[in-house]
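The chains carry the letters A, B, C, D and E, assigned in the order they are written, with residues numbered from 1 in each.
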C-alpha cells in the first residue's frame, strides 16, 4: 500500500469511528447494517469478483452463520461467543459441499444453480427442518454478546462490533490480494485453461474462494443476528443474494473501495429516500441502469499492476 | 532414457481420429519439432501431453512416470509448460503479474498466507518477484512491467507468454506455433530467444509452419498427417523426403 | 411536563400498506380527540410512526428507533411476524406493546410488555373446530395453509382443536402464496375424498383455490379463515364463490357497540373513507385501553400500567367489545362468526358463537 | 495508366480511446489491382481493415468506395456495396457448420450462387469433406480456408484479406497465395495485409508500408522489394547482403 | 390412474406458460448472452395491459373478437416495451462486461415492477370472469377446461412456428450467427441491431401471450408476479439448455409436469425446493442442460 492509500483508508476509518456521534439512533442502526452488508459484499466479491464465479446464492452462507448463532443460543443455550467458531466453520463446510459438484459449471449455469441452492435453503428454513429453525417466522430474542463482563446490547456497541468485523475483513482481503492464493483467483478467473497449464490447481482455488468467502459471510451473520436479536428466512432469501451480487458489480468487482461504495449506494442510499416509499425503487432501477452505462466496470473499478517498486527500478 | 515418451497415443473426436497411435521420443536438452499439414493433429498431441485432453489409448511417459490423463496443473507442476496457438494471456493484468503467474508452483506460500501474512510470506514474495524481474530482463520486457498485457502488440504478447511459461522453470517447454504472426525480422529474434532457452537446459518441443525457423533450430523432426507419423528424422532428411514434400512442404519453386 | 409519546409500528408501505396506513390514521385520530380534551395527566399525546414494511428485519429496526425516541407504548404491528420480531426489543426496554397479530406465539414468550388487542388464532381455531364438527358435521377434513407465520399457526391450531374434539383431518399441506397454480395439490387432495377444504391463508390465494376446486370438479365445501374475508375473494373465485364459507370476526359496520358507531363516524368525517378493516379498530382499542390505564394509575410507569391491565382491568367497553386481559397479555373472549356466500354473492351469517 | 480509383482513403485517423492506432494515412486502390499493406506488429494494419469494413468508426478522415463515403455507413451496408473481408483471426462461427458459415457469406445475396459454392469447394476440398462439422472444431488452417471461402461467397468486387497465411502449413500458404492470384485474375480487387512480406510482394501490384500508424513508404512491388530498408526490416535479410 | 392424467394436464398447462416465457429468455440469451431478468416483469406488465384493453372494450365486442384483439394489441404493445428495454438498458452496454448488463437488467426489472405497482397499486387485479371461456370437460374423471386446451394448443403452435423460423430462415441463421460473433456477423452484411431488435420483439410478444394466459386462466394478477414466473421460466430455459429453442419448450413442460407430480405425489411443502434440486441435479450431470450442446473449446 502506498501512502496515498493508507491516508485515504485512515480518513475512511476515522469517519466511521466518529460517525455515530452525529447520527440519530435510526441511522446508527442503518449504518450498522451497512457495515455488516459491507463484510458480506466483500466476501461475495472474493467468489464473484476475484474468482469470477457467478454465485447468486451467497445469502446462504450469511444465513448459515446467523442461524447457527441463533439456534445454538436459543435452542441449545450456548453463550454467543461460543457459537462464533461454529458460525464460521459450518458455512465453510456447506460452501465446499455445495460448490464441489458444480464448480466446473460455466458462468450462467453456476448462477442458476446457486439460485437454486438459495431457494432450497430458505424453503428448508421455512419448513422448520429438524424443528430448530423456527419456521417461516425465524427465531426471536437472541441474547446479546457478552465478552469479559461487557454486554453488547446497545445500538452503539453493536455498531463498533460491526466496525471491528469490517476491519478484520479488510485486513484478510488485503492479505489475500497480495498473496499467491489471491493472485491465483484472478488468473483462473481471466483464463482458467491457461492457469491450469502453468500449474494452478483451479479446482482447489475455486473451492478456496468459496470457503473463505463463506467464512467471512458467516461471521457477518453472527453480527447480523446480534443486531436484530432475531433471524428470519426472508433476510437470507435469494433476493438478498441478488442484492450482494449487484453491490459487487455496481461498485466494481475486485475493488475494495468499489465494493464499499457499492454497498453504500445499494443499501444506504435507498434508506435515505425512504419517505418516497415505493417510488424510490423505480428511481433506483433507473439509477442502476445509468450507473452501468456510465461506468460499465463499476463505480470504482479495480486497477491491476500494483507490483513492487523494485521491479521497475533499474 | 528419453525425457518424454509417447507410446501409441490415440485421440478420437466423435468419429474423427485426430491422433492415431503416435509414438515419439524426445531426449533431454534437444529442440524437437513437430510439423504437418493443418488439421494433422499437432495441437491435439500437445493437448494430450499437457493434460487438456485425455487420450483414448496409449501412454505418455515423462521422466519415467506415466502422466497419461493427469490434470493439466499436475503435469505443469511436474515440469511441462506450454504456450498456445492462439495467445492466452491474462489480458487485463499487467505484464509483470502475467509472468508472476508462472511462479505459482515455485512459490512456497500456503493457503493460509492468503489470510494471514507471516515473515516467511514476505521472504517468499520477494524471491518470486525478483525471479519475475529476471525473466522480464531476459525477454526485454522490464520497461513494460506495469503495462496491461492485453494492449501489447502481438509480438510482445508472444514474448510475455513465453516468459510466463519459462517462469515455471519447466524441464520441457512446449511451443505451439511461436512464430505465427511475426514478420521475418521478429522471427530471427525468436530463434535467438529459443536457442537461449535451450542453453538454459530446457528441452523444447515445438510446432511451427515456418520452415526457415524449423530447419534453422530443430534437431529432430516428426511429421504428422491425419494423426499419423509419416516421417521423422533430422531437418535435412525431412526437407528432402518426398512424402513430406508431397503432403506438407509443396514443391519448391525456383526462388530468385 | 412534555408529551406522552406513543409509537405506531405498522406497514405504511409494502403489501399491507392500506392496513398500516389505516392504523396510523386511527391512532392519530384518537390522539387528536384526547388532546382536544386536554390530554392525559395534563400532558398531550404525541404519535411517532415507523414503517416496518411488513418485514421482520425492518420491524427490529423500527423497534429500536421507537425505543430510542422515548415512547412508552407502541401500537403494532399489523402482521404477527413483525410484532414478534419487535417484541423482545420492547420487552428489554420496558415499553408496552399492543398488537392485533393473531399468532399464538406472540403471548408465549412471557413478556409482560405485550398485550394482544384482537382475538388470537386459538380462539378462531376453537370456533372453526366447533363449526366443522357441531354444525356441519364434516367427516373428512383437508387443511391447507401458506408459509406465513399467521397462516401456518392458524392451520395448526385448527387441526389441533379438531383432533381434540375427535375430528378427522385427512390431509394437511402448504402452498406458496402467489403461485397461482394450485391444481396439483388440489388434485392430490381429491384422492382423499374430503367433505371440506379449510384454507387458512389470504384471499388472494383462497379465491383461486376455490375456483380451481370447482374447475377440477371437486364437490367438497370450501371454508376460508379470516384472511379470506375480502370482497376480492368473490371477484377471484367468480361464480365458484357461491357456497364458499368464511370465518371471521364481524365487519366494522356490523359492530353492535355504540362506541364503535361513534368512532366510525369520526373516522369517516376526518378521512372521508372507512377504516381498512376490523383490524384498525382492534388497534384503536389497544390504544384506548392503555390510555385508560394511564389515567387510572396516574402513572407513566409501564410496570404499573401493565400490572393494572393484567389484573385490575375488567370488561373495559371497547369498540370491538368488552376488553379484559389474561396474565399472559392475551385478550379474553372472542366474537367469531361463520358466513356463507350466497347466489347473490353476499355474506349470510350461518353460525355464531353463543 | 489511368485506372479507375476504386477505394480512396484520405487522412484516416482511428483511435482506441485516447490512443491513436492509425495516425492520418492516405492510400488508393484501383479497380482490379492487388495492393498489399506491410507493417510490423501493431502498426495499425488490422485497424485500417476494420475501419474500411465499418466495424470501427474513424476519428477523422474519409474512405470512399466508388465515390460513396463509407465512414458514415454501418458495417452491414458496406458488405452490400461489394466489399467483403476475411478478418484477422478467422472469426468463423464456431457452433455453426461449415456449410452454414458459407451460406452466411452470401447473406446479402437474395439467393446462394451455387457456382461460387462449387468454386470454393474446388479451391478447398477439405471444406467440402467437413461440410457438416462445426466450424469451431476445425483446425487452424481449415478455419482460415473457411474464412476466405466465406468472404468469397458474397461475390465481392473488393476483397480484404487480413493475414490469410497466418498459421498455415507451407503447402497451404502456397495454395492460398495461388488462390489469391486466381481471385485477382477473376477480376476481384484485393487489399492484402500480410506478415509474409516476400510472398505478398511477389503477388501484389503495389504496396504500402505502415509503421506505428503512419505510411512510411509506398511504391510498386518491385520498388519495395528492392528497397534495402524493406529488405532489412521485413524480409529478414542482413544489411551486408 | 385418472389422478396421474389429471396431474399431467395440470402440469402441461402451467408448463406451456413457462415454456412461452422461457422462449423469451432463451432467445435473448442466445443472441446477447444476457440473462434478461426484466423479461418476467415484462410478462407481468403484459397481463396488466391485456386487462386494461379488456376492460375498455368489454361489452362493445363479441367475446371472440375481444379476445383476438386483446391478444394482438397486447403482443404489439409488449413487443414495443421489449424494444424500448433493449434500446435503453441493453444497447448502451453492448460492449461492456457481460455482468454489467445483468445489473442493468435487474434495474429494468425494478423499474417495471414498481412502475406497475405505482400505476395499478399493490393489490391484485382480477380478470373479469365473463370474457373467459368457461367450458369444462370431463374425460373418465380427468377434468380439463377449454382455457387449458387453448393454452396448450396455442403454445404449441407458437413454439413450432418459432422453431421453424429460427432454423429454416435466413434471418434465423443470422440470429444464430449474431449469437456467436457480432463483428463477424456484420462482416457478412448482417444488420446486427435489427437482428437483436427482432429477438426482443419475438421474445416479448411470446411473453405477452404467456402473460395473457396467466391472467385469463388464473384470473388474479399481481404487480410482483413477474419474479415468480420469470424465475421458473428461466429455470426451464436452463434445464432445456439455454439458447436452445426446443430446449426451452422441453424445459418448460418438464418443469410444469415435475411441479405437478411433486406436489401431487411427494409433498407440496417441498415442491419448490425439489424443483430446484432437480435443476441442480440436471446441472451436475448435464452441465449445459438437456438439449444444450456441449461444444468442446478448441485450444
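Methods note: a contact is a pair of C-beta atoms (placed from the backbone, for glycine too) under 8 Å apart; a residue touches a chain by one contact, two chains touch by 3 or more.
What you see is a predicted model, and the numbers here were worked out from it, not measured in a lab.
K.L.:
Supply the minimal count of touching-chain steps required to go from subunit A to subunit D.
P.N.:
2
K.L.:
Would you say A-C or B-D is joined by more C-beta pairs in contact?
P.N.:
Higher contact count goes to B-D.
K.L.:
Could you please state the distance in Å, as a whole number, between where the Cα atoms of subunit A are centred and where those of subunit E are centred?
P.N.:
That pair's centroid distance is 33 Å.
K.L.:
Can you work out the whole-Å distance between the CA centroids of subunit C and subunit E?
P.N.:
38
K.L.:
Roughly how far is subunit C from subunit D, going centre to centre by Cα mean, in whole Å?
P.N.:
Once rounded, the distance between the two centres reads 77 Å.
K.L.:
Would you give the residues of subunit D that are in contact with at least 2 other chains, written as numbers and ranges?
P.N.:
Touching at least two other chains: 137.
K.L.:
Got the subunit A residues that touch at least 2 other chains?
P.N.:
193, 278
K.L.:
Going by the touch rule set out above, which residues of subunit C reach two or more other chains?
P.N.:
Within subunit C, the residues that touch at least two other chains are 14.
K.L.:
Name, in rising order, each residue of subunit A that touches subunit E in their complex.
P.N.:
For subunit A paired with subunit E, touching residues are 54, 101-102, 104-109, 111-113, 115-117, 119-120, 123-124, 127, 193, 242, 246, 249-250, 253, 278-279, 281-282, 284-289, 291-293, 296-297.
K.L.:
State the interface residues of subunit C toward subunit A in the complex, per the touch definition above.
P.N.:
Within the complex, subunit C contacts subunit A at residues 12-14, 51, 55-57, 60-61, 64-65, 68, 80-81, 84-85, 87-89, 92, 103, 105, 109, 147-149, 152.
K.L.:
Please give the residue numbers of subunit D that touch subunit B in the complex, ascending.
P.N.:
Touching subunit B from subunit D are residues 40-42, 89, 126, 137-142, 144, 163, 166-175, 195, 197-198, 232-236.
K.L.:
Name, in rising order, each residue of subunit B that touches subunit A in their complex.
P.N.:
Checking each residue of subunit B against subunit A gives 50-52, 71-74, 76-77, 81-82, 84, 88-94, 96-97, 100-102, 104-105, 107, 109, 111, 113-117, 121, 125-126, 129-130, 132-133, 136, 142, 145-148, 164-165, 168.
K.L.:
Spell out the part of subunit E that touches subunit A in their complex, as residue ranges.
P.N.:
It comes out as residues 29, 33, 35, 88-89, 92-93, 95-104, 106-111, 113-115, 117-118, 122, 231, 234-235, 238, 242, 269-270, 272-273, 276-277, 279-280, 283-284, 287-289, 297, 299.
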